[in-house]
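One structure is given below, encoded as structure tokens.
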Amino acid sequence: MSPTDLFQPLLMKIEQVIEETPDVRTLRLAFADERQGREFTFRTGQFGEYSVFGEGECTFCIASPPTRNGFIECTFRKAGRVTTALAGLEPGETIGFRGPYGNIFPIQDWERKNLLFIAGGIALPPMRSVIWNVLDLRDRYGDITIVYGARTVADLVYKRELAEWAARPDIKLVTTVDPGGETPDWKGEIGFVPAVLDKAAPASRDTIAVVCGPPVMIKFTFPVLARLGLAPKSIFTTLENRMKCGVGKCGRCNTGKYFVCKDGPVFTLAQLQGMPQEY
Amino acid sequence: MESEKRSIERGALSRLVEQWLSQGKRVLAPMHSGDKVDFAWVTSLDDVSLDHVQTVQSPKTAVFPRVEELFSFRSADGRVEVRERDLGALPEIVVLGLRPCDAAAMAALGAIFNWDAPDRLFSARLARTTLVTIACSRADEHCFCTSVGGGPGAVAGSDILLTDMGQGAYLAEIVSAKGREAARAAGPLFAPAPGMDKESRLATVAKAFSPDAIAAALERMFDAGGFWEEQSRRCVGCGACAYVCPTCACFDIQDEGGISGQRLRCWDSCGFGLFTLHTSGHNPRWLQSQRWRQRLMHKFAYMPERQQALGCVGCGRCSRACPVDMNILEHLRAVAEAKP
Amino acid sequence: MNALREKARELLAAKTVQVVIGYGRGSGGSARAVFMRAPAQAAELIFDATCLQNLAVYLMKPEVRKLGKAALVATPAALRTILQLAAENQVADNSLLALAPVGEDIMPLATFAAIEAHVAAADHDLSAAEGAELGKFAAMGLEERRRFWEEQFSRCLKCYACRAACPLCYCTRCTVECNQPQWIPVPAHDLGNLEWNVMRAMHLAGRCVNCGDCSRACPVGIPLYLLNQKLISDVSSVFQARSGMAARSDNAMSTFKPNDPEDFIR
Amino acid sequence: MARIGVFICHCGENISATVDVGKVAEAAARIPGVAHSVDYKYMCSDPGQQMVQNAIREKNLTGVVVAACSPRMHEPTFRRACAAAGLNPFLCEMANIREHCSWVHEKGDATTEKAIDIVRTLVAKVKKNKALQPIKVPVTKVAMVIGGGIAGIQASLDIANAGHRVILVEREPSIGGHMSQLSETFPTLDCSQCILTPRMVEVAQHANITLHTYSELESLEGFIGNFKARIRKKARSLDEKLCTGCGLCAQKCPTRRIASEFDAGLGLRPAIYVPFPQAVPNKPVIDREHCTYYLKGKCRLCEKVCPTQAIRFDQEDEIVEVDVGAVVLATGFDIKHSDFFPEYGYGKHKDVIDGLQFERLASASGPTLGEMRRPSDGKVPETVVFVACAGSRDPAKGIEYCSKICCMYTAKHAMLYKHKVHHGKPYVFYMDIRAGGKMYEEFVRRAMEEDGVQYVRGRVSRIFERNGKLVVKGADTLLGARPMEIEADMVVLATAGVAQAGAEELAQKLHVSYDAHKFYAEAHPKLRPVETNTAGIFLAGACQAPKDIPESVAQASGAAAKVAALFSQAELVREPLIAVVDRQAPPLYSSCVGCFLCQSACPYQAIEKEEIRGRDGQLLKTVAKVNPGLCQGCGTCVAFCRTKSIDIQGFSHEQVHAEVLALLNRGDRDA
Amino acid sequence: MPDFEPKIVAFVCNWCTYAGADLTGTSRMKYSPQVSIIRFPCTGRIDFMLLLKAFASGADGIIVSGCHPNDCHYSSGNFHARRRWIIFRGLLDFLGIDVRRVQFSWYGRWGRSRATSACAAWA
């Protein structure tokens, strides 16, 4: 857990900045203090509060898998005050990090099951952590299918890794862009994620699905998964509520009796159906 | 452990206040300001108002101030140095003249701040705060402490509970260890209490509803859309109820001062639209009725279930402060009577 | 009062309006807003000296607008507010019915023109008492005034009740909620409170109709009406402009006269 | 990513003399976000600009701050340099540490500290700059020239010959201006009419030029490339198409004793008149102030005698609306007529005249048909005194500038007088001889040596009449300030050249700035003499400052070249420093609440209403929208909008807010 | 207070006053280095919030200067600004803030020597 005080961030140095799209960036961060770096552990699915001192904090998941230590990565879109400031930083500069917060993708329960990852737009980062985590322990799981879509080809993030995953024989990767977003040399699918998922119709017996994306995509993906025969408790997603403290005190992410930052952000569809529809 | 009963004269109390001030303690007590009574830092007992029913704001500002620094930072040439807050430097505070419901509220605040992981700043402030409560000899139509586990003479949460026995004498019940410590330090100022009958001096507050009935009703009523819209149509969406409420603890974190400055914690309210606005522009509580529902659900359903503490002590401040007369007692009765 | 109830029942029964916004008895003998949709509810309507709140604030709330055409029990301040909202393209003509209580009976005003005529008949300038109070301030020394307002603003919670109660503070995203750049500090410290209160007053310059709801709403009792009345008296004395008098009127602050006084400009 | 390059210029030693540029460069390097900080002797030189471009490429900078002179000077230079290196030009800002710092403060830490403040302020601003693309605006390829003097004529001909349509607007009944009133011109003594009239005819006959004489500009709206001009054609009381210019009406008109403006008040003219024989258009005009028909409703003699019945007494003023892309101001100057020098008796003695009146006496078409006769009694003056600097270079009288042409025309007047009155004795009182043009000094030398003009260096103190003679009291400073008196028959005062009457009103109609003497203000005294600060409006001739004919013609051709350049592209590329209204994703769509109070604040009516409809076509809200073609980027609406929904690119809320904080040590620099 | 160094911010319009400031530079007129200039397209663009923010950030004095009425390059920016200044000054004075700390002026093109006198008003 974080050091003595809940709200005091650890200092991290930006090692590398990767420009995924004109307004989406991935930062690779290393702990300024070696000891903290060694002691720091986290589980896939957890998130952190990233501080730009003088601007504030912003919330996004840890996009790198726990199997790779010594650094963490986060991916974000330049939208508000803090993310704009974060996007203005150079390798070598210092930011703050509080975490890891929230619950995890229970990958230990998914062993020998088939895994279906469905992601939309900027929501691939939380999935990337769990996908790499699973791929680093590839032999423990059944077949893995990844369906990833974005508005246009330019909006696809992690283009290098998508190519890497496409080249691997032990994964079935389906990438798509919304109609009208394709470029002449686009070889992937064209269509909305739910429709492409329906067409790909992966094996649904003994399958765990993980869905992340904009609310409208999730709304249309759940029925498709239900039609494929997946039980609500084996469909996982992450909620994108507004968060501030990350430790269940500031009240922002309070949805019903749950705090999305403590009881989530990972929830099963079954849990979501039990919660008030207020997320 | 039965609290020890002592008594104290008004003159002695005044000298006790001076003693506290001389010991470097800061005294927070109700003071008249215009036609309202509000908590303020006092310098003598004479400033303190003793004849009011309830103050506008709650004494939570002693343990959860409007604005407080979490830590400060300096950055130069890419290196950042974070300076932790020196909790030792927090002032010793005595809150004099708060009501039993306010004292009970400290427990609710503690339930929020120390839920799951302790909030060191809040806990340090609470540890340095001594609550010298004055029981209620009068109540008004907005008080409903008896309905939420409290009472005009309840001792819960107080360190010392004074009850005005008339003729300038107060019954002093020494409740907590901190209270005993304060009484010991006060030495001769506290006198023995010859058989004072406290009950006769207290106000009577009728019980309006049972919190469990409210919690049960609320569980069913989340989707009773029309009910909430009807109730909250008057509400114009300000933060007055949350900011005067002794048990509202939602906060915002803001940085100030540029690359060398402080990270501040300040009050926030679920009544504001910005509270839950996602970056994507989606807002789960887009309508005022949804935010009003959250206020009641959180205090009367979510908190009891999750933090084992009721989020309301029945002080009635939100009803008194509301510009459009959103009377919480009236609304709670409506929730209790609402047919499923 | 019964003329008002009778009129409300008749309007609701005939469905000329979908909701009548009026005053009903509140807690502790006060008056509060009630929204009547069924003719039977009209009996709740009251109108007496306690009915002070400017109900025009509800004309700008999405949940109330969604109910359909409204009839509004309108105090003189509310009528001025309607005209000022009209001048700022927020309400359309014939989209509401104003019920102006005159003594015992009720004057229904269906069009802006009717409202203008009714408003023009009465005197809406600052009262002698209000003028005197401003005079008292002018007489105070600079330092004394600074200390007075510093103490008042130190008690401001930034709960924005003054903004919420004001019918002319209808902006969906107020500058306070803008954080790129952060114009007004979010925390309620002295500096942030001063900037907030000056901004609120300036943004109402040439618009405020002096209904006083901001001061009534302030939980800590800051006399905010003084700021607005000071600007109303400045705007009317220097620019001879008065807000809330006409449905189509230029805003004193977004227009100019070539001979505006400039003695302070060197 | 903020990778800012800071380039500090020594400006030779204009900056480095009082500002420690090394310290500024080092302080700038420590500002967060600055990736490159260097100082160089001449940033604006070619190697300097190369340095900027190399740094942009090597360190792929996202912003550039050049700390040197005023942005009004070299902002375009450095923005072009950045664009050439692939950086959007609007990510380059200039920190003015010369005019606003090094030149105005003493050497010392405070000055260096201020320079660092200014650099830090502009670095904070650049970080918030956005890459902007210029706005493309269609250009109406029609020019309007206001003023038909030699400058206006030359500009019109050049633009017309460049193949563009020109509309020439002249206030007087005929074009020609002051030059048409001159007799001969220095230094070649060409007859003014002989060199001017062909040009005037060429203007009248040029297919591309539309001539509006006896007309004034009523109003001008719009902006560069898209002006809408309304020209008031004053009623000539005559149908120009029918009139053949035979001149019968002028001969027969009974009211003949009106002081002729063309003859500077020396000659007379009838109520219906043609200003001068070579007038273009050679059509008369009725002076309604003096025509007895308009005063008493009788006469109408001209109507009776007119062979083609061209007289139209009921003719009204006519407003002509034209779309023009550019305007050339060539309204010229005027001679100070007023009784400016009571001590010289100007206006009291009939024989004390000004330069223009002398021109008329000397001119063949003048009231004396070129014979040198003095206005009082028509006798040939034996002794004439010319007084130079009568009004110019005299701060006490409020005209501190030199009118530039008086020395030359005074020498010319003296020569003309000698050529016409061989035995005459001309004296010239002067302070300094300003004869800097080509062949100018030689011309004055000839006047002195060959024509025996007596030059006396000294000021005239008083002129008074003494038994029929005009006694000119002065002193000759070259002879130890010996007071002297000359008894003259006639005195010619070379009075000051001042701005045309009505120059100020016209400038306000065009939003052109002007100086204290009502001369129009050029964009930059040295580098942009023919442009004004108002894009699309150019200057030519004496309306900008008193000048002689060669300079006026040169300036006119310069302005014409600028207009031709403007019309050479199909579209005009405009600076994108305009206002934009906030747009967001649903459900808010825009933070604008549609109060439209900004619309009444906009001087260019550039703000329109836009309806936002849901997918089902239902009107959700009406919000403001800025027309990029009309918005000039003044920002009045931006400071007015309560919800900060409208912002101006280049001076956005974020930029100026960052500047204020950075300047006052908050934000980027450690406290 | 001998070492009191007033920090003065000058909000100026880009046309008359900024050019005036340049002219002050070219004619080498000296004024106190405590005055720093921020450029705006027009006085109409200067928002009262910026003056507030400048005071809040530590400015001791503020100069706001633009073109003379009728000289405005955008024809009416300075008229609007003047109207706002009248109201804003009234409010500041009402709140007890010394309005001499904000100097409003129309500086034409003929130099900024008066800037020195403006900031001398405080020192």
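When the chains are written out, they are named A, B, C, D and E in that same order, and each has its own residue count from 1.
The working rule: contacts are C-beta pairs under 8 Å (C-beta built on N, C-alpha and C of every residue); 3 or more make two chains touch, one makes a residue touch a chain.
Quantities reported herein were computed from a predicted structural model and do not represent experimental measurements.
With chains reduced to the mean position of their C-alpha atoms, the one farthest from chain A is D. Located most centrally within the structure is E, per distance between chain CA means and the overall CA mean.
Summarising the inter-chain layout, the chain whose CA centre lies farthest from the centre of chain C is D. Taking each chain's centre as the average of its CA atoms, chain B and chain E sit 48 Å apart.
Between chain B and chain C the centroid-to-centroid distance comes to 32 Å (mean Cα coordinates, whole Å). Distance between chain centres (mean CA atoms), chain A to chain B: 39 Å. Centre-to-centre, using mean CA coordinates, chain C is 34 Å away from chain E.
Counting only residues that touch two or more partner chains, chain D has 32, 588, 601, 640, 653, 657, 661, 666-667. Within chain B, contacts with two or more other chains are made by residues 75, 78, 252, 254, 257-261, 280.
Counting partner chains per residue, chain E has residues 48, 53, 70, 76, 80, 84 touching two or more of them.
Contact between chains, per the stated criterion, is found for A-B, A-C, A-D, B-C, B-D, C-D, C-E, D-E.
Against chain B, in their complex, chain C makes its touches with residues 26-28, 30, 32-33, 35, 53, 57-58, 61-64, 155, 157-161, 163-165, 177, 185-189, 213, 216-217, 219-221. Interface of chain C with chain D (complex): residues 88-90, 170-175, 178, 180-181, 183, 203, 250-251, 253-255. The residues of chain E lying in touch with chain D in their complex are 5, 7, 9, 14-16, 18-19, 21-22, 24-26, 28-34, 36-42, 44-48, 50, 53-54, 57-59, 67, 70-77, 80-81, 84, 108-110. Residues of chain B touching chain C in their complex: 33-36, 38, 56-57, 66-67, 140-142, 229, 232-234, 236-240, 242-244, 252, 254, 256, 264, 266-267, 269, 272, 274, 287-289, 319, 321, 323-325, 327, 330. Against chain C, the residues of chain A that register as touching in their complex are 80-81, 84.
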